[in-house]
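In what comes next, subunit A is part of two complexes: it sits with subunit B in the first one and with subunit C in the second one.
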Partner chain A sequence: MKFESDPIVAEKITKMGKKVVADIFDGNAPAVSLPVRASSNVHYDKDKGLLYLGNSMSERNFLNFAHTRKFMQTMIIASKCKELIEKGKTASIRELYYELKHNIPGTKENTFEGQDESDPLIEDLETMTDSLREELHLKADSSGILFGQIVIEDTGDRIDCSKLGKSGLAIPSIVDDYKFLECDAKYVLVVETKAMVDRLVEEKYHIKNNAILIGLGGQAARGARRLIKLLNERLKLPVYVFTDGDPWGYYIYSVVKTGSMNLAHESKRLATPECRFLGMTMKDIDTFSLQKVTEQLKDVDKKRVNQLLNYEWFQKLHWRKELKSMLNKGARIEQQALASKSLEFVATEYLPGKIARKEFLD
Partner chain B sequence: MKFESDPIVAEKITKMGKKVVADIFDGNAPAVSLPVRASSNVHYDKDKGLLYLGNSMSERNFLNFAHTRKFMQTMIIASKCKELIEKGKTASIRELYYELKHNIPGTKENTFEGQDESDPLIEDLETMTDSLREELHLKADSSGILFGQIVIEDTGDRIDCSKLGKSGLAIPSIVDDYKFLECDAKYVLVVETKAMVDRLVEEKYHIKNNAILIGLGGQAARGARRLIKLLNERLKLPVYVFTDGDPWGYYIYSVVKTGSMNLAHESKRLATPECRFLGMTMKDIDTFSLQKVTEQLKDVDKKRVNQLLNYEWFQKLHWRKELKSMLNKGARIEQQALASKSLEFVATEYLPGKIARKEFLD
Partner chain C sequence: MTTIAERNAKDHKSISVAEFFERNKHLLGFENDQKSLLTCVREAVDNALDACEDARILPSIYLELKQLDPTHFKLIIEDNGPGIVKQNIPNIFAKLLYGSKFNLKQSRGQQGIGISASVLYSQLTTGKPTKIYSKIGDGNTHIYELNINIKKNEPDIISELTVDGDGHGTRIEMCIKGKYIRGKQSVEEYLMETAIMNPFASIVYINPEGKQFEYPRAIDTLPKAAEPIKPHPHGLELGILMRLMKHTPSKNLTAFFTTELSRVGRGNAVDICNRAGINPKTNPKRISRDDVEKLLNALNTAKIAKPPTDCLSPVDEDAIKKGLKKEMNPEFIAVMSRPPTVYKGYPFQIEVGIGYGGDLPAEGPISIMRFANKVPLLYQQSSCVIAKSVIKLGWKRYGLKQSNGSIPLGPVAVTVHMASVWVPYTSEGKEAIAAYPEIQKEVTLALQGAARKLGIYISKKRKSKEAEERLRAFDIYAGELCVALSDLTGVEAEKIQTSLKQVVADKVGDTSIVLHGKGMEIQTDDGDDGMPKTPVSEQKEQEENNNNTPPPTQQPHPTEQSTTANENPQSRLDIFNNDKTKKAPETEETSE
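Our next item is the complex of A and B:
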């Protein structure tokens, strides 16, 4: 697989390698510098609506005994990524670990003892080269499903996503190479659970409303986040997010919109600040008389609501109100609770009504 | 959605209802009888290679105070399933719960307090009517992905699964309505992890070897199990299973092949006794010099190996040997550990070699 970014990323890795070689020949300690990836260095850009990584830098120095092992590991990961780029191959982060795990000649040391050693260094390399993991030709786990009025070219195949029955397209972890050949859709509807997508597909919601449906299956995987971003950016499609009415659902929305804390360095390529929240909201419970099908807030839910209340990107008045209303009611509400009205209700009334009335939380 | 089984299943539910009405008019206690779903009533049929539910029956009697609530719940679930069949609709088991959750008029009682009350009764109804859940128009969670040389008709759409790029078809929970229009594939390769399927797709394994690839993403979902069964049954395709070399992977194989204990009543429609196990095996570790990339068996792994050693369907000599060898080595081996040879190795040597040499565990 080839990406437009390949020559740039390969060049960045080469430059890093040359710097280290120069250090050695100049008689200096080989060292690389990299941004600090800790919550202390994660900030929220209110204007852009994005989490980002701040300017704090740290150094990894080969002659600092505490750094030596990580320095070695960083170098062999960087070298392997450059090889993947040159070969046009991609590897899962687990494969990368196994590819690089070996005995260091003349010692009893292994290069890596576990994937918990290689994974953080991949994130280091991403920040050092300001590249997406996928641009380093590495893959995370994929998850997510797509239906709708769009034709995608993937690896030379032309895929009409409106003709995938009730099965749908599995969203892979790398989507940067997708070409959007045709698109009649008016908007993208991002849905927390796959079961709710099944419901909407059975009601032909995507056909009747000219929508692209993306089912996340819980927290959004990187591939799904990147795809939502690309649909918004390249096709200028509005994005609406539909999750459970609980802190976990609201956080899923915020990750799609603003980015996540541990991937703050990639927000600008993974997050879609323009997306808007459709539901479920606490107001829905009263509007649609859903009191009988709420679930009681558990302690773990309450704790999470309070965490959200402290996040900088949940300080908008309507979100504070929403979260406090949840604590007051002591209740949460699931997407599928709408089935208590009727199976069709979500597709024929709830969603089209909310969109028509522009009843969003931003 | 319409199934061939619709009239038969609707008739069975009607018959059950009529029996209960007759009980009432005859002045008897309304009652239904159903098979016992407990491990004591789960047996292994050595000849067919299938787990099955035995003949122990129990009765659910409305006038037995301990049964009253469950009896009421069973009736409203059966009634709703009949309605779904007649309307040609399907519902997730969570939607069913919410659809049926309501106040019982004139009381403070709810029909259901949680999904943990409705789920077991769905399984009861399956066994009472000898129907698959899907034939009751109910859906479980879906998971799994498909690539390969097969054209499927799904809900009127013609899907060429060899033209889905690196994305692939998401396997839904209901596949009984799939029509297999064309198939050039020589076999089905069932793979435990989606990441390994990504690898095989990148190597164009499915194209070069004329194979259908099914990625499970862990334990096989019902839809994937049923699809494997249908491919084997309708198209007479051999099925090979490729999992991690650990007790969890071996159990995934046994579920695909033999059925699972808690769904023993559905083995004959979900299990594929003809399927064969390709790897990873303990012998692979020596054959391919993978000693450096094994993982140590943890206590929880050892415990699981010993459980497997006690299962009736793991008593074949080669499986006992395999499991004991795992305990002796104190090691397990993952599919992706093959990347230590080279990324391509699994696709160019490991799998084709094993299949050519018929190196299966049955």
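Our next item is the complex of A and C:
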């Protein structure tokens, strides 16, 4: 695969390597500077509704013992990315880990002991070279599934997503090259759990309601987030997010809407500020008489609620009310608790009713 | 017809020494075969060391255990002490509870009831007499074979012989029932610990397997002599006070208090009597028991200066260091001698030594060695104030691992020595020191003092190890880094690596300081870390000196014999007809 950005990104990586070599030949400590990716350097742009990375920079220095190993690893990853770009190949981040993992001669150590060592450095390299992961010819493991009234062209193949049975389209890491050939859908419904997607597909919700269903299976992966963004941007489709009524579900919504702290540098590409939150809300518990099927908040849940209350992008009055109400009730509500009414209730009454009444949280 | 009371009276009389021994043997250290063997060895060695130290002679001790049959042993011990005058020999060895101490004085002897208990044990378990050789430097050797007349508690002399013999010293041979073990609570452990806290002694030991152990002398000065002191009013107990009153030549209480007790002046004495409501002119021999109690109360609470503390005989820091070094060979030793102080009217002093690393086992709990008046305590560790204080100290801050309430882990040996004119034991077994607050406080302070030095050493060691690891890390990661950089830029990897090596060499000292902002300390030798410089070679030198030059002649024994014996302090007394390296000669066997 080739990208237009290839020569520029390759040049950026090479330039970084040359700078380090120059440091060494000049008798200086080899070092690179990179933006700080800690929460202290993540800010919220109220006007755009997006998270963004601030200007704080840090130095990674080979002669600082705490950085030595990371510095070496960063350079190994950089040189591998350059190679991938030149060869026109794309590797998953897990493949990259295995390709680079080897024993360091004369030691019992490996270059990488686990993928958790290489993944954050990939994100570092993205910010250092101001490139996207895909532009580095890397992709995350795919996660997320799509059903609905849309026809997509992918690498020359035509995919009618309304005819994928109960299997659906596995959303890949890279979706920028998708072409949307036909679209009858009126909106995109983003669903937290795959089990709920299965329920909606069995009820033919997407056919009956002319909707695109995207199942996240937990936290939203890059590919899914980028695809949601593209559907919203190119097809002007409204996006509704349907998660569990708990702090984790609400945070998934905020990631889709405003971006994540970890990838704050890519919010512009990945976040969909126009999306709306559909449920589950604390009000739903009373509206639909679900008091008997709530779950008790555990200590970790309460702690997470309080963290959300402190985030800049959760300061809208209705969200503060929602989170405080959750603490007051001491309860959370799962999507699938709606099955207590009946299996089809979610597809025939809950979702259509809420959308018709425009009962959203922004 | 005899009355019941008369019959009982007869029974009372017939309680023999043997019966007394049988009833109390658990208190005397003879409750089982294994401990009995150790007790006999301990009584003999402690006696020898006490005798030499009192006479200001550097002790040289020869000890041998011969296996006679699976459960019986012959114990042979020989010292270069002053010997015992002929007429005292039978009473010292063959009369239980002979001689009593009125003055308080720091000595090892407080540990047991004396060598005569071992003689009785030997007699009861083997039926054989104990053989004593003694030379006091008058050209004679007195040889006795003794039993105890159990009914009368009087010596029973089996044979008596005097032959020619130069020098001075004592040799004991006795046969005992026992069980020989190695490891914990063994004769070897006792001797090794004794050698640590008595580095001025030279001990040679041949075990029942014929293996020879040498515990060489590491220092050729004796500890300061212990001085006897009189009892101090604050530590007096009723029994002692009554005994003192009964034996005193004083005719009135004022004279009695000022002459028999420590630190009591005339004013104090009158004041004490007034507070007890008793006329100071009363004859101490004519005071009722009730009044003695009143006096005791007044004495115990009287405002009187603390007893003098210069009567103690500590081991001293340098000697403990040398003792630990020669027996355990740690890489680092920290010591702490506390100044003497007082509990309940008794002077005492705590000394701590801590060895770390070197030959000490890297795994497992640290070893705690407890000493009372230079004698190792091998039993009842958990109820002893020393072990309690060690556990309570909190060793994590000094760089050792320790889980709550248990013995810390690490390659560490801790010695804690309590020197006192009266060591308070938790029970009659005399194996654990009682936890008086004053003692616990001193033990803790001494441990802290030494542990602080240990902590500094461990942290320095860790830092220098970290610095080493850091240098190594630069080296190993540089290879990978330079290959990656070469791939990125096309510059030869070797070229980059050569330059990088130079950069690391030039900068690494600086960067570790600048980047960590703490100023890494890389192993400085401040000379006060408790570490003997060039420990091994120096040690050897010292030992050579010991051998080559005669140790300073000890003053209290200005006899010609003492000088000749001192010229070769390592050699055993020739008269006793033993060759250090060979088993005991036949002449002895036949003489039995």
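Here is the rule we use: the second predicted complex is superposed on the first by the 304 of 362 C-alpha atoms of A that agree within 3 Å, B and C clash if a C-alpha of one lies under 4 Å from a C-alpha of the other, contacts with A are read in each partner's own complex, and residues count from 1 in each chain.
Here, contacts are C-beta pairs under 8 Å (C-beta built on N, C-alpha and C of every residue); 3 or more make two chains touch, one makes a residue touch a chain.
Note that the coordinates shown come from a computational prediction; the quantities given were computed from them, not determined experimentally.
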Next on the checklist: After the superposition on A, what does A:T155 contact: first (subunit B), second (subunit C), both or neither?
Outcome noted: first
Checklist entry - Between subunit B (first) and subunit C (second), which, if any, makes contact with A:V293: first, second, both or neither? => result first
Item to check | Partner chain in contact with A:G168 - subunit B first, subunit C second, else both or neither | outcome: first
Checklist entry - In the superposed arrangement, does A:I145 touch subunit B (first), subunit C (second), both or neither? => result first
Checklist entry - Of subunit B and subunit C, which one contacts the greater number of residues in subunit A? => result B
Item to check | subunit B versus subunit C as contact partner of A:N64, first or second or both or neither | outcome: second
Checklist entry - Thinking of the overlay built on chain A, is A:V21 touched by subunit B (first), by subunit C (second), by both, or by neither? => result second
Checklist entry - Which subunit A residues contact subunit B in one complex and subunit C in the other? => result none
Next on the checklist: Taking the touch rule as given, give the residues of subunit B at its contact with subunit A in the complex, in rising order.
Outcome noted: 1, 89-92, 94-96, 98-99, 101-103, 110, 139, 141-142, 145, 152-159, 163-174, 194-195, 198-199, 202, 292-293, 334, 336-340, 342-343
Item to check | Partner subunit A, residues of subunit C touching it in the complex | outcome: 470, 473-474, 476-481, 484-485, 487-489, 491, 496, 499-500, 502-504, 506-508, 511-512, 515-516
Checklist outcome for this item: Per the touch rule, the subunit A residues reaching subunit C in their complex are 13-14, 16-18, 20-21, 24-25, 27-30, 61-66, 68-69, 71-72, 75-76, 78-79, 82-83, 104-107, 109, 111
